[in-house]
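Look at the two complexes coming up: chain A is in both, with chain B in one and chain C in the other.
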Partner chain A sequence: MKIIPNKRGDKILSVYWFAILLITAGGIFAMVYIFYGTPYDVREIETRILTNQIADCVSYEGKISQNLISNGIAKEGNENFLDQCHLNFNSPEWKDAQFYTEVNLYKLENLNTPVLDIKKGNNNWVADCTIQENKKQENLPTCLRKNFYSIDDKNNQYIIKILSVVRKAEKNVKI
Partner chain B sequence: MKKRVDYPNSFTSLLIHPHPPTRGGKKCIRKLNRNKSGTILIENVIFIVLNVLFLVILILFLYRQGNGAIILEQSYAKNIALLIDSAKPVTEIKLNLGDAFALAEKNGVKSEDIVKINENVVTVKLSDKGGYQYSFFNDVDATTYPDISPNKNYIIKINGYK
Partner chain C sequence: MLKSKKAQTGETVSWIVATLVIIGILLIFIYVSVLMSNTKKINFTDTATGLPSESAILTEKNFIANEIMNNKNKDMIDGILKNENP
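And now, the complex of A and B:
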């Protein structure tokens, strides 16, 4: 077999090689730009911490707060109970509150009608949770629902359902 | 009659043909070297140098992106806000901010100005630009200051509920 030395072919190859390098570099630059340009989304952790704090406030060491239910009866005028939970949903960083939380207490015998329904925060974000029930959408607020079991001072059994919502989309998602 | 075999006469061609038709092994390579001229060698050296330069620039770019002020500011501000959110009163948190101290020093930012808490907003500043802010919901009185020794740590103190 005869191989003919071809200098022209080498030059074409060099151009081709540099074109590959440029394409590779372009690809890497684009990937890095997308990766580092996207903010870290910490809202899921934030909703978890918020839920835990509310759970500790509503029921400490497995017993429901006596400010909510005393002698087996739900206390009246506890719509603002969550104000006692050391939560500050207002921030100079945002115009509107970026959080919303809802606590529902159900007796074990009747899981359809809540004994207590307490809320705090910006309720504009609740509708977005319903939209995301089937598929999570990053541009919308992050929602977390948690249920746990607790008892009151008369050992009546309750299911406590907590919904926590954190928006802060501009700081956690590339919009 | 013996057949004459010609070999590619540049390094690049050797790369494309890693197994050139052999006839006598080392002898052939020696023959090949003898045929090369000085100009071809310089061309190849330039080619390799440019490739290495390209790789070095790419690695430096990736390293700088990963350790940039904007990325670190965001990451530390969010971390500190989450730590404060999950902390109970009378807690002292020591946070290793070694990278942040080095970058702040390089950019002329004082160590006392790296982390600031105003109302319920954490601000981390590692360059002479504005810094990054992130708010926390836990209604606590928190203060921050750099640790004296070792000077890579930052102390976040949760004094009590407001």
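And now, the complex of A and C:
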């Protein structure tokens, strides 16, 4: 008498292996998608470059530019001073400007009222910096506040505060 | 005829445990890839000082201005800047 072997177990095992294969492939796909789907966030370094550029433009070799303060007096019509700093905030990739920068010069004797307040860029992003101070949100613009000390041609002392803001969230954060 | 099914049960339990281990390892790897994706932030530091690039430049500017002024109130200025640049 010929005995026919029961092959039901083998079939179940094949289905099981196939399911494990799919789960493993799905897991590997998820890992690659998560890692490579997240863009590199370069906004922090952009704010640092912007701050450096502005700091060099405002003060060079320890002295404030004479286009800003001359003979100890703030020059008239320097609202557009940052246009001299070779900054181009307009990019064809974006409808709105994605950058904002603000420079405040304070005399050492009075750190509450700035003697000069210069702005450039899209000021819609400034409000988001206040939110970022409490808790950092990736989707909001990256802000960097830095200060340094400088003197004018009459050796008056100043604290210069620079705020640099870069938005470009869509290209730097997975939304 | 009575058949002992202990061996069969043991094998089934082994397969279930093996499946759970595979899924567990996959979940751990996925979690690690999430953590790694959060580190995709590019930032440069000054090689000489180890400080962020802008800090090194601003520190240099402060130093030069202080040198020009031969500053007596350097500590006060450093205090102000330290408070403002945490």
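As a working rule, the second predicted complex is superposed on the first by the 150 of 175 C-alpha atoms of A that agree within 3 Å, B and C clash if a C-alpha of one lies under 4 Å from a C-alpha of the other, contacts with A are read in each partner's own complex, and residues count from 1 in each chain.
Convention: a residue touches a chain if its C-beta (ideal position, glycine included) is under 8 Å from a C-beta of that chain, and two chains touch if they have at least 3 such contacts.
These figures come from a predicted structure and were not determined experimentally.
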Touching partner for A:111 - first (chain B), second (chain C), both, neither: second
Partner chain(s) touched by A:171 [first = chain B, second = chain C, both, neither]: first
Chain B versus chain C as contact partner of A:153, first or second or both or neither: neither
Chain B versus chain C as contact partner of A:34, first or second or both or neither: second
Touched partner set for A:45, first chain B, second chain C, both or neither: both
First, second, both or neither for A:79, with chain B first and chain C second: neither
First, second, both or neither for A:96, with chain B first and chain C second: neither
Overlapping contact positions on chain A, where the chain C interface meets the chain B interface: 32, 39-40, 42, 45, 49, 52
In the complex, chain B residues that touch chain A: 4-10, 12-13, 16-17, 20-21, 47, 50-51, 54, 58, 61-62, 65-66, 68, 70-71, 74-75, 78, 81-82, 85-86, 118-121, 133-135, 137-140, 161-162
Chain A-touching residues of chain C, taken from the complex the two chains share: 15, 19, 22-23, 26-27, 29-30, 33-34, 36-38, 40-44, 52-55, 57-58, 61-62, 64-69, 73, 77, 80-81, 84-85
Chain A residues touching chain C - in the complex, by the definition given at the top: 16, 20, 23-24, 27, 30-32, 34-35, 37-42, 44-45, 48-49, 51-52, 55-56, 59, 61-63, 108, 111, 144-151, 155, 157, 159, 161, 174
Parts of chain A lying in touch with chain B, wherever the complex brings them together: 1-5, 7, 10, 13-14, 18, 21, 25, 28-29, 32, 36, 39-40, 42, 45-46, 49-50, 52-53, 86-89, 91-94, 98-99, 168, 171
